[in-house]
Structures are given as structure tokens and as C-alpha cells.
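Residue numbering begins at 1 within each chain, and the chains themselves are lettered A, B, C and D in the order written.
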């Protein structure tokens, strides 16, 4: 586990907010005093407070992975799935978005000589880009991305620019192999050798990845995307049930967890 | 009283929404099937439904005078005073705004040979432009506009382009005489002769205008700006108390009323 | 639409489960320019008193977060003018439910008698959210004993299907529902507006001239859903669900919780055509989810929860 | 700021009237990165039970119009860990009010005893919005007789100033306030979250795993203001106003209605520094309106209304 930088709360200025592929957008925010972040950490963004008109619906901030950062500029890649992301998609340069972060604990690094297998799907892809970027060159890194169709793929070109092996699966075959990303994972694992799996995406995908890794005796960590209200451990709303009967807070103890400790059947 | 055209409800398309003077903006909407309107009529606009993201706060539509119309394009001139007008100021061309209108009963015309004295202040100016435009040339029309300062003045140049006598009062003297518009009205009334006063603006201003007119035995109608929920006579929220102890609905029986029938001390 | 949208509400057959709520739909004809009234199941007219009444001084309404407050009081044209002028103005085939409120039980009964035998009145809704003078201004619907007296008296005066509209300002909505069932109501409607207060910090007084008002709109929807669900667990009476409905999905939530029909209220102000769109949307939802009848949605919330 | 911002809440001197609400501020130190805890009057810690507790299965929270639902249940570290680990972690000069909830009255009393004599605890808030097992799950705060027993038992166990936090799910909040006054509470806090239900129309089940949840946020503010005003009319007890406060103006509304102090809840999630801004804003409002003391705002709502 990486030790965490103290989070800050600020009204960040929108530098740009442009559509990437499909329903995905790329938001760049200037966050004065941003302390940096570990791959896998996230921030809470308040789209309700975007437009400068005080409004209480939708009320809650939205958790978004920090895609990457340059100095005090952070980048978020997000998909419009509902009201909060819909509002976020409308903010214009110069406007302000409330940001609280960086939050949570990141992915750790692989052990010496371990191959890093990053498997991500849907909005989960945004959570693993920085991990791939920081491990690239220093470890043997394989990035397996899955999406429904080519357009849904987040950050495809960014990954392609890294010193990593990139493989893609799309359910409609419009990019890479036709099928699920877990099929790619299975091949990777069959290749054998010491490895560590990093999974982020829909719960079903992460569960399948965890099962595959377990069956090969390979360590697997997953990054959960629970609904959150606060993001820093006080509302207790994001709890993930643990195999031992207890529960952990996704925002504070995660979002990254060792797949083995989770009670998968009860994950919302 | 003018007989009313049946109102319609439509998702109007924003043609333009540009800042006029000061905190005032000019919104042009395409309203297919717009049946035309009488001066003094208004429409209910739903800024909460502006941005395409369904949102329930602020909830209620906002009443706005129809400034003028060309075919199925209607124009609204509004001042940003709070959340609803704040949201309205952010809608962009191509976006949609829900419109219900035309609503209410307009100003009538002056009697034969009567001079039309239009006295308006603040956002009330927007309610009298079309009246001035339609009476211009056919009647002797005097338009008296009041504002806190020059920038607040709505549609100054539009009025200047009409065949009417235009006089202006500003509290800080930045435009026209320094003082209240009611001072201009007093001079006009002292000029004598058959006349009819049309007043729209802050309640205090309308009440003063009504008192001045009454003291000279001149007829005076006022256009009230009560808070409204529906705009078409069903919520009973806009009631104005009458001198006879009853009450009238500003949206249905007004917004234009003969000043004498109102119970001014109880007007909100 | 291959889906059967018809429902029965307490003995009133409706072409679809979407009614509009009393006080938010006037006397019906106000909506004619915007909506073919035959597109919806029917409407509940503004509550009627024995004589015509004038309401409170302004301000009578105020905005609230995702809602609005109102204090209109008893303003209405009176039962006789309703029967004489308002009903005849409505096109054939429009289902009308009359709503009744008063300050004394015998006056309630008298209004009901004046509506007896009036052909256009398909049903009567007894609005129990009215301050009861005798019990010091607490609402009829807030005291089980008073509510029982009211329902009993009304039942004697009403031959058509009778709904009792419950106040949400109570500890135990299930108990109030049981009272209605025990006294022979044909169904219950809930919820009415929630008692609330908004303050003007500049004038340092309540925004409404009346002080307190009723909160309505989306803000109260989760409270209304809870109460409809609790009432549905407690009684067999048909339920008409009300509270913050803005879309077909919202309406479906009430049906799933056990409501046989719904009433759209405040949303009519925002969009006078919305009730028709909600009716269409419910049918579309049923079709998409493979329900042959909209009535199959009633109470279809997965149990063992809540 | 020339204004005197200090207030006394039921015997607890506060540097300003802004507290943060139980369950929305953790155990305090979680907010240290965002807010100097000395900028606010103090905070009410997450409610404590005798033993540590794990809460409900997810989903535990859901969004609602201008609000949110939660069903966290009793999850907390337990009273002993609070005293041993959480309190010492807080800087000097931070006013801490401990909150207590349990499922049985004697367990409430036992938790209070464990807090007795703990130096850092400036006051205790008894959370009466907890389901009472013996009375079949209805909240302690919903039955005057049960509430009286609870307050009486707690009063015996508590030496420091004791607030009783009332449930809003009642017919008559004034009656509940009187019970607290009669049983010797030093003050009352209201309101807790309003019982509510949100439904997932795709899965056709409640959104929350627990089914019902508590509605909080701006949506309930007009209801909370009404209840605080009603309670203030009924009792002399100091009142701590809670419900949907998002700004200094919102807080001022509660003071005007008769609250001696306020608690900010859900808003802390949106903006962890907001309580400090609200405290500053109240002082600015008082100054702008010519009040020498913030305490002069308490109950300053123009009377004859409501």
C-alpha cells in the first residue's frame, strides 16, 4: 500500500472539457496546491455546483479516478451515464468545479520480477492508466482493455503511447478481438510465470478476473466503483462486505482491495 | 381587455441568448405554432429544464413578459436576479426551454384621443415595449423609463427607435434626469389633457403612479409581477387581493389590472 | 400499444392509472389547451366546500429545494357552482373525481350530499388534511378517532366509490389506513402536502403570509413512496399514490409499492401536458418489461425488502 | 468581525452556533485536512453503541431529489474505542458532543455511564430515532411513553448537558419536545432523517438493501424549520436545529425559528469545509443586519405569523 498524500478541497478551474471517444469526455482541472497522487486514487467532483448557480439537485459529488496529472493540472476521463456526469459534460473552461482529493489508497506495485497484468473495462479503464504509465519500462506490463464497442474505449491512444503490451477486446469486434476482456486475461495467465493482476471495471468482470487469477494461484487486486456520498470515510455509505463477515470502506480502505478478502456475492 | 389567443406548451429551441445591458439578457426562442400575443401577455419558461439534464431544483417555471415576436420567434428580455434567471442565462443556442404561453390578459388600448403614458421601471420595462410599439403612430405615446443606473435600463435603444416620446430617469443620474420615474410621470400628468397611464415595475413604483393618476382623475392600469407557479389559473398561488375584499388571479385575470380595484396595502 | 393499460381504482374503471391531483388541475378545463383530458385516467377536481371561499393573502406560494410550499387555504368556487358551471364544461368521457373538504364533519357530509346523484361525478375523494376547528386546528387526518368519525359520516352520505385522502403529517400512516378500511372507505389516496415552513431571512418572517404551508413536489416523493408502501402492507384497500411524480418511472415506483393508480400534482404546473406523457410512458415501461397489463405492476416490488 | 458569535447551547458554551451532525462528521479527525475544527462551535460524533457494530449490506445510500437516503444502521466503533482512540486524536479546544443510540433503554444508560467523567465530552446527545426492539421496531422517539422512559433513564446516567435528538416521523413534534422538557433534558436536537423509500424501477426492488432509509439534505429543510418552530413555541428548552442546512442563510432561518444552535449534516459530504464557511457567514449576516450578538437572532422571527 502506498502512503497517502493529504487530500485538499478546492474550487478547481476548468481548463478544458472536451469529448474523447463516444460518450467519453476528458476534463482538465487546475487544482492549486494539488499534492500529487498514487495510481488508483480518486477525487470527488461536484457537478451540482458546476454552473455557478447554486442548485441542490443532483446533490451528491461524483467519484472520479484521477487519470493523470501535470503539476497542479489534473485530468479526468469520464463517461456520461446519468445526471451528474451529464452536468459535468456541460461545464465550460473558466467555470469552477468543487474537487476533494486525492482520496483512497492506490494500487501497490508488483513484486520484483512479477509481470503486471492490468485488465480494465468500461469506466474502470480510467483508473488504471496512471498505473500503466508508472510501471511501464520498470516492469513487464500487459494492458488488457475491454469495451462494448470501439467508441466506448477510454484512452486507447494514451495506452498505445506507453511502453506496454496493449490488447483489446470488444463485444462487437469493432476493435481487437471480439468478446470479453476476460478471455484475453485467460490467455495471459496461461502464459504462466510470476504475475500480479490489477482489475477495474464492472463487478462481474472483476469477479471473473479474480476467479481466473485465483485458479492460477496469481495475486489479484481489484478497484471497486461503489456509489459514494463523501469519499473520505465519514458517511459509511460505500461499505464493501468482506469474506470474514466484516466490512471495509471503499473510499478509505480502498478503492483497491485484494480480491480474496471481498464477499463477492454481496457486492452491490 | 383583449380576447386571448389559446396558449400552447412547447419545448422551444433557443435561437440566441445574449447579454443586453448590465445584468440584462435578450433570449430569442423559436416557438413552432406560436399563436401571437397581446401586449402585456407573458409566458412561463422552465429554466430548470434548460440544460437537457433532468433536474428538479429550481423547480418552478418563471414568468416572463413576451417582449416582442416575429412569426414563431419570440423575444424575452430578462434580468438575472436569482437561480432561475441565472440558469436561463446559461442556455445556449440549440438547447431547449419549455415554454407555456401566451398567458394572461394584455393592456387594452387608450380611448379615442387619449394620450398613452407608459411608465415602467426595472424588469417591468420588458412588459411595455410591445404596447409602445403597437400604439406608436396611432396615439400620442409617452414612454417614461426608470432604472437604478444606466446599465439596468432594458431595451433603451428599441424604444428610441419607435415613434414615441421617450424620457428616462435614473437614480444615479447616469441617464436622463436624476431621480425616480414617478417624477417624470408627475410632469406628464401636470401637462393635463385626456390620458391613460400604463404602469409596470416595482410595486412601490406602481402604487405611486396609481396615486398620482388618481389624484389627477386619470385612468391607470398596472401590470403586477407576482410570484407564480403555473401561470394559467390552477395553483391559485398568484392571487392579488382586491379592494372589495375578494381576490383575483394575476396570471388569469391579469397581469394587467385597473389600479383602483387592487388592495395595495396587501400586495406582496 | 399492445399493453392493457386499464386499472380499477376502488370501483372506478380507469383507462390508465394516471389521475391528476386535487388543487393542481383546477376544474379540468384549464388544461384543455394543453392536453386531451381523455389521454389520462381522469382527474381529481379542486377540493370543494359548502360555500364559495376566498383563500389566504399573498404570498401563498414559495419555492423550496426540489419542491414548493403552498398555503392557498380553502379557496374554491363552492360545491353548487362546481355542479352547475364546472362539470358541464367538461367533454364527455372525462373521468371526474370530486374532492371535498370542510371544517366540520357535518359540513363534509352536506357537501357530499350535494354531489350525490350528479352524473359526472365518478367518485368522491375526502380530503382529510384540513384543520379541524373543534380539535384546535389539528388535521382530521391526524387523529384516528376524528378520522374515523369523518369517514363514517362521509360513508353514509356517499354512494359512489369513496377515497379518503390521508395526511402525511402522522406517526403511523398504516394506522390511519386501517381506520379508513374499518369505516368502509373504498380506497385511500396518499400523500397530501407535508406541513412545512420557509423563512425570508431579509424580512425575518415566514415567506408565506400564512406562516406554515404544505410542501409538495419531488422533494417529498421518497416520503410518499414509503407511506404508500407501509399502507399497502397494512390494508387491502386500493391505494392511489401521490407525491412528487414527475415521470413515468416515478409513477411506476408507486405502482410497484402497491398503488393501483397515481395522481400527478405539482408537475402539472411545470408542464401542463405531463400527465399524458406519464400515462404513455407507463405503458411503454410495461411493454419493455414484458407486462401484459399495467395492473400487473401493482405491488410487484420484490418482497422481503423494506 | 465585531459581532459576538458565542452562544450557549443547553449549558454548553460554543464559540459560534455551528455544530456538525452525528453520522456526517465521523469522529472529527477525518475533517482535519479540510477544516480547522476550532473554526466551528463543535461537532456531534457518530452515534455510539455499547459494542462495536457492523452496519447493513450495500447499497446503503441513494440519491433523492435535493437529498439522499441512507440506511447505515448502527455501524460504529463502540463507546470504549471512541473514548480510548478517537477522542485523544482530537486537538485541544475542539468541543465534542457524544451521541448515543441503542436498542434497549438499559443499554442506552450503560453507554452513557461509560462516557461519564470523560473530560473531552462536553455534552451527550441521545439519538431517539432508533428502532425500539421491545415496541416492535417503532422508534423510541415515536412513542411519548417510550421516549419518556428513555429520557428519564438517560438523565440519571448523564451529568453533563444532555440533548435529546428527536425523530421527525411523528404527528406532534411539540408533544415530544414537552416530554423531553418534563423528563429533565437540557435541550433537544431536531430533526433526524425522515423515513423514506426509493425504488429501482429496473430491478423492481428498493434501491437500499435495507428497504427503508432516512431522507436528509435540502429536501427536508422546510419540514425541519416547521418542526423547530413548533417545538420552540411549545417548550423553553434550548433547541439545536438540524435539516438540510447548506448555507449561512439556511442556518439563520433555524436561529430565527428559535434554535440556539444548528447542526450541519449532509452538506459536509459535498464540501468538507462548509461548516466553517457557514459559521463565518452567520457572523457576516448578523453584522450586515445590525445584530451585536449572533444570539440575538435566536427566535427573532416576526411573530403573529405561522
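Throughout what follows, a contact is a pair of C-beta atoms (placed from the backbone, for glycine too) under 8 Å apart; a residue touches a chain by one contact, two chains touch by 3 or more.
Predicted, not measured: the structure shown is a model, and the values here were computed from it.
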Per mean C-alpha coordinates, the chain lying farthest from chain D is B
Gap in Å, rounded to a whole number, between the CA centres of chain D and chain A: 35
I'd like the Å distance between the centres of chain C and chain D, where a centre is the mean of that chain's Cα atoms. 33
Which integer distance in Å separates the CA centroid of chain A from that of chain B? 52
How far is the middle of chain B from the middle of chain D, if each middle is the mean of its Cα atoms, in Å? 46
Can you list the residues of chain A that touch 2 or more other chains? 54, 56-58
So which stretches of chain C touch two or more other chains? 64-67, 209, 217-219
Which label fits the chain touch graph of this model best, line, ring, star, complete or other? complete
Residue ranges of chain D in contact with chain C within the complex: 64-67, 69, 138, 142, 169-172, 194-199, 201, 203-206, 209-212, 215, 217-223, 225-226, 229, 244, 249, 252-253, 256-257, 285, 300-302, 305-306
Can you name the residues of chain D that touch chain B in the complex? 65-66, 218
Give the list of chain A residues in touch with chain D in this complex. 6-9, 46, 48-49, 54, 56-61, 98, 100, 226-241, 245-247, 266-268
Interface with chain A, chain B side, in the complex: residues 51-58, 83, 86-87, 90
Contact footprint of chain A on chain D as seen in their complex: 23-26, 30-31, 33-34, 46, 54-55, 57-68, 70, 72, 75, 209, 217-219, 246-247, 266, 268-273
